[in-house]
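Read from first to last, the chains carry the letters A, B, C and D; within each, the first residue is number 1.
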Amino acid sequence: MKECLGMLLAGGEGKRLGPLTSENAKPAVPFGGKYRIIDFTLSNCANSSIPTLGVLTQYSPIMLNRHIGTGKPWDMDRRDGGVTTLSPAIGKHGGDWYSGTADAIYQNIHFIDQYNPKYVLVISGDHIYQMNYQSILRQHKETAADATISVIEVPWDEASRFGILNTEDGLRIYEFDEKPAEPKNNLASMGIYMFTWSTLRKYLIEDAENKNSSHDFGKDIIPAMLEDNKPLFGYQFDGYWKDVGTIRSYWEATMDLLDENSGSPISVAREDMSKQIYTNEANLPPHFIGTSGTVINSLINSGCFIYGHILNSVIFQKVLVKKNAYINESILHPGVCVGEDVHLERVIVMENTEIADGVRIHALEEEEPIVINQENLSEYVAVREEIV
Amino acid sequence: MERMMGLINLEHEHHVFNELTYFRNNASLPFAGRYRLIDFALSNMTNSGIEEVAVFVRNKYRSLLDHLGTGDSWDLDRRHGGLFILPPDWNDPTDRSLGDLSFFHNNRDYFYRGKANHVLVSGSQFIANTDYKDAFKRHLIHDADVTVIYTDVDTIGPEHQAYYRVETDQDGWVTQMTNDHRNPNVFTGVYIIKKELLLDIVDYCIAYNYDNLFMNGIKERLQELKVYSYRFEGYHAFINTTESYYRENMKLLQEQNFLRLFQKPFIRTKVSSNPPVKYQAQAVVNNSIIANGCIINGDVENSILFRGVEVSEHSQIRNSIIMQRCKIEEDVYLENVILDKDVHVKSGQRIIGTKEKPYIVAKRQVV
Amino acid sequence: MKECLGMLLAGGEGKRLGPLTSENAKPAVPFGGKYRIIDFTLSNCANSSIPTLGVLTQYSPIMLNRHIGTGKPWDMDRRDGGVTTLSPAIGKHGGDWYSGTADAIYQNIHFIDQYNPKYVLVISGDHIYQMNYQSILRQHKETAADATISVIEVPWDEASRFGILNTEDGLRIYEFDEKPAEPKNNLASMGIYMFTWSTLRKYLIEDAENKNSSHDFGKDIIPAMLEDNKPLFGYQFDGYWKDVGTIRSYWEATMDLLDENSGSPISVAREDMSKQIYTNEANLPPHFIGTSGTVINSLINSGCFIYGHILNSVIFQKVLVKKNAYINESILHPGVCVGEDVHLERVIVMENTEIADGVRIHALEEEEPIVINQENLSEYVAVREEIV
Amino acid sequence: MERMMGLINLEHEHHVFNELTYFRNNASLPFAGRYRLIDFALSNMTNSGIEEVAVFVRNKYRSLLDHLGTGDSWDLDRRHGGLFILPPDWNDPTDRSLGDLSFFHNNRDYFYRGKANHVLVSGSQFIANTDYKDAFKRHLIHDADVTVIYTDVDTIGPEHQAYYRVETDQDGWVTQMTNDHRNPNVFTGVYIIKKELLLDIVDYCIAYNYDNLFMNGIKERLQELKVYSYRFEGYHAFINTTESYYRENMKLLQEQNFLRLFQKPFIRTKVSSNPPVKYQAQAVVNNSIIANGCIINGDVENSILFRGVEVSEHSQIRNSIIMQRCKIEEDVYLENVILDKDVHVKSGQRIIGTKEKPYIVAKRQVV
């Protein structure tokens, strides 16, 4: 028996991330100079002693599966438990793709039951934050809740963009308001749920039989529980939390890493051994800064060769930046090669893209940062030449 | 199928590292920003397709045990084969073996257990990034008893003195191994030997009270054995003195050397969870090798920084090697210095060594 | 780059195994007192130094996934490569279930390509045999074949039940005859294929575009290659090989294990270190034979307590056989509990079934062995009481 | 979160095993058909939720290293925590520590590194199948400095002599630890201690030149420390002489003892790939414990057969312990015998020992 089992929803397609997710599941998108988005949640599980975890995949999972591998970087290559990737499968009654977050868990009831857990933690793999899930579990047990939902205060004027939890004293939830036009509260759901498994199991089965349901936790399961007056509580989180669901927010969250006062995970991990971030790391040599290279206010990973100028940027492993190149407020994914005299500003360059000498690409301050890969590179280069 | 097993033999390695090896074996000496010397021998073995490696080590092996762990960083955490660190622990009162023969004699089980029928033997002080697949192929084609790997060095330095020079006939068979200072064909300490023959030589050496398997069992019996030679071409270093240690580190700051040593296949080392290097607003870094986990706000030139080093503002580091987790406060000046792990340099300090004899600060000192 | 990658088809439903596969994929059915059927193929891969393996699952894969785990028992928990279970996934063009053996490989072309192998070994996880796949690879390279198919001589009068390969001198294949009414040959395909990947890749893509294809290796891919006059060869195997696709053949293959002259894998494994069989083993105490127990010509695994009489049977782990019970020519799966004075003959008892004191169940010599589980047990007990 | 780390301290363990420990440490003595003594202490720790275990061992640790491997059989092949075997390898000329204090002193890093704030210390000779979760809970509730685990033995035997007897007040606080032969409350050698306190005691003992951490640092300072007692109830054995070794193995042939020792949670040991036991046509096996890989065609009664033993036809084995891979030819009679690993008994042999002093055949003999 495991006290608490984790279920990580990593099936999202992440359409708003554009080219970043055209061949790759959102949780597998590179983030933070060294990591993939899902590493932050996986590391939270490792740091919270949640050693048994199901990762639900369905969209382009090859990269994700390879990244997770046996789970070793997170010490989840366990004999009993550890990490298991769960794709949809054919059972006795034929096969079904996951049709919603609740359905994804429903289809894996057998998986969960074999560990006979008392509590199930449902999280998703597409946010950047550091949380010790033992804290939410502790509150969940203390309040004898059936569900505990992690919430964060958002600015009032943004509240209508979120799922808002309306609570009584003691954070007991009486209403879940999905993107309310006139929010009564500014506590937004972070999509992190701690459930008492026996209760959740019952609601999942009922929900699966309901043909009108969209099989979603926020839209169906939580409202059904509230209707039955079950004890549901909010768990207030006040650390750094960032959705990276759009190109702009992805870029902003990256820039946060360069600001030591933002409270973003990398600075925290340096100071606090219990908040390390683990990833499936390539075993690369340290990076090399040549005589012509300069680097200011930036993060650079191993395996790079830097001969140009890097400012306010995040550089992943195995990047080559040649002489007189000038990179500002940009993100270079693994294996990118930047030619001589290239200028990039507010640009995200995807894995293994080679940028020829002299190319200049700028996104303006008010524009969305530009995402470049080998395929669309020629469009931007052409644009530049026209301007010239 | 013809296969090799690996043996890293640290017995009989000559070294003069002083402070740097008070608490660690020479094989665990940090090198090139994130490696230990042994990583090169070990990675070259696994890159050659070897799935079981033994390490013969007599003392100060704690940091080695710690570094190698379960062997997982080299994919050697196996149920069959894998990594075996074999310190001396012998309890047979009838055992008369001497020198490295004691290791061979008391670890016969290791050799019998594996499926391999050839053994690749190496020390830890020859640094290169290669695999021995081609050498093994030639060893098999020529049906050699032993194949010794040598390399042609440009300038003979003191670090090569401890290694034999190889003389061959025109077909590549070894005729003599000498100490001839003018011969640039330096034996690398790496050789491939038939397993059965190795065990025969062990018996022979013990019977005659010899204490050095290679010297007594192979080098002195070249006429009786079929010893072939294989020439290694590529970037390499021999490291067995503080002087060669410092010089070979510094040589890597010439980009073409760094590239030649670290092109694929990659040398593997123990992984850590250090974040990428953070360059802060006042960082000025030039011609340097910087490992993950560092935070730099000072001026670093021609230097190697290991993982997790902090350099504060207005500090300058020149031609230096700064090992893991050192902390350099503000207004420090370091030139030709080697700081061992966890050294803390206080604000305002100024330390200058010479290129020939860098100033060394031992582990965990506060200066 | 990997020279040779293995793809193990473990998606079969195994309908003819009746209750044995009602909740379990066929490759995960227990076999041989300690193993599951797939262990024999997995161990072949381990013993043949095929360290990178994709296991294609789709039908009830939970038990199979848990059994394979990180791949440690087969030394396949590798950083680069190792074993990967592959379930169908949603890609850019929506999701598809595997519709045939060739389709299953086709859908995983990306997985294979990432290792850039020269050869791909396609095997299935539902036969009992020991083969070093390096031998078939060696022949494949020597003959410069595009495909090499392992064949075994079958009795002429049974040949029409198999896929028969008609060959010229040197085992070059000129025709594949699926269950021929009048066989020209008695060389049956064992369903073990070594392909040159570049060739197979091309045929898979063509086959996928062919709407009339059943996407099967035997029915579509091999005939298409033969039509193009590609070099295809048979690889002759003469060891023990047994299909365990029906209850009768499953039972017979089990009885073979008790015959030291049958050449069946367990006897071979005892003698030959290079033919060990590995499994995901529970760490159980040795078994205990009580004063009232007798055991003759049987296999017994660890964790059992034997107080009754066992004859010509195979007993899996954690089985309890009480006093005066009499078990003959039977197979007791893990965790079975046999009451006092129970008589079983030619019976297969499924996992964790508890048989009450005094129950007697016999299958006659000419009958198919009876498969018992907790659900159908009452039927047989009722039958017995009626007879009484 | 309150957590424990584990320490198996083999220093100061008294044992008289003669032939059985010539080539192995007492902790690696085979027991109960497929285990080694250390499996019990180690499994009890992992079953208590402990994720990092150190083993202090002075010599003959090669078979222990081999048995424990990467720790994967106990799920201790971890990147963080895991299993650390710590033989002596100390190079500090200023070190003055003695006895087990040398281990504690030279391995401070191990204690500092982990997240745990309590240490569960155990030897290898107290055999039980349990977890210490409840003991730890009480240790925390009572905010004890140390909690010693004792058990109430029915009959005091020579194997208990080496262990202190525990005297407590009515609330369970330990007042004295004595050698009183009439007191059946025998200390098991297992205790839980606050990590910070443990390190303080190390300093204290070294300062006063003591050589036994428990005796000098805890037992002699009961008045200064808050030492609580926890009574272990359940099947157990103390094994530190050949006589107790043989007797405790034989006791397991009484079914209820075997059941009590091996009920859940299971004791883990190194896994192997042995097939199930093959009973052949002439097998007559009675009241015996038989491990996988055996092939039996003879008559076995009241005996324990380890993995891979072969017993040929017309041979009889009575009241004996036959270790791994022994081969018994035809027409052999063995009674009250212990065969160590890989013994080969030739056809027609007849060996009879006594219940009090079984006949022991050392490893790899042919008789």
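Simple rule for what comes next: a contact is a pair of C-beta atoms (placed from the backbone, for glycine too) under 8 Å apart; a residue touches a chain by one contact, two chains touch by 3 or more.
Source: prediction; values computed, not measured.
Asks: Considering A-B alongside A-D, which chain pair is linked by more C-beta pairs in contact?
Replies: Between A-D and A-B, the larger count of C-beta pairs in contact belongs to A-B.
Asks: Of the other chains, whose C-alpha centre is the longest way from the centre of chain B?
Replies: Of all the other chains, the one whose centre lies farthest from chain B is C.
Asks: Just how far, in Å, is the C-alpha centre of chain B from the one of chain A?
Replies: Each chain reduced to its C-alpha mean, chain A and chain B end up 40 Å apart.
Asks: As a quick test, compute the distance in whole Å between the mean CA positions of chain B and chain C.
Replies: Once rounded, the distance between the two centres reads 46 Å.
Asks: Can you list the chain C residues in contact with two or more other chains?
Replies: 72-73, 77, 79
Asks: Going by the touch rule set out above, which residues of chain D reach two or more other chains?
Replies: Residues 72, 77, 79, 271 of chain D each touch two or more of the other chains.
Asks: Give the list of chain C residues in touch with chain B in this complex.
Replies: Per the touch definition, chain C meets chain B at residues 49, 72-73, 75, 77-80, 134, 274.
Asks: Mind listing the chain A positions that touch chain C in their complex?
Replies: 22-23, 57-62, 65-66, 69-72, 77, 79, 82, 84-85, 87-92, 95, 97, 110-111, 114
Asks: Quick one: in the complex, what on chain C touches chain D?
Replies: Within the complex, chain C contacts chain D at residues 32-34, 72-73, 266, 269-270, 276-279, 281-291, 293-302, 305, 310, 314-315.
Asks: Could you list, by residue number, the parts of chain D that touch chain B in their complex?
Replies: Touching chain B from chain D are residues 22-23, 59-62, 65, 69-72, 77, 79, 82, 85-87, 89, 91-92, 271.
Asks: Could you please specify the touching residues of chain D with respect to chain C in the complex?
Replies: Residues in contact with chain C: 32-34, 72-73, 255, 258, 262, 266-269, 271, 273, 275-281, 283-293, 295, 304-305.
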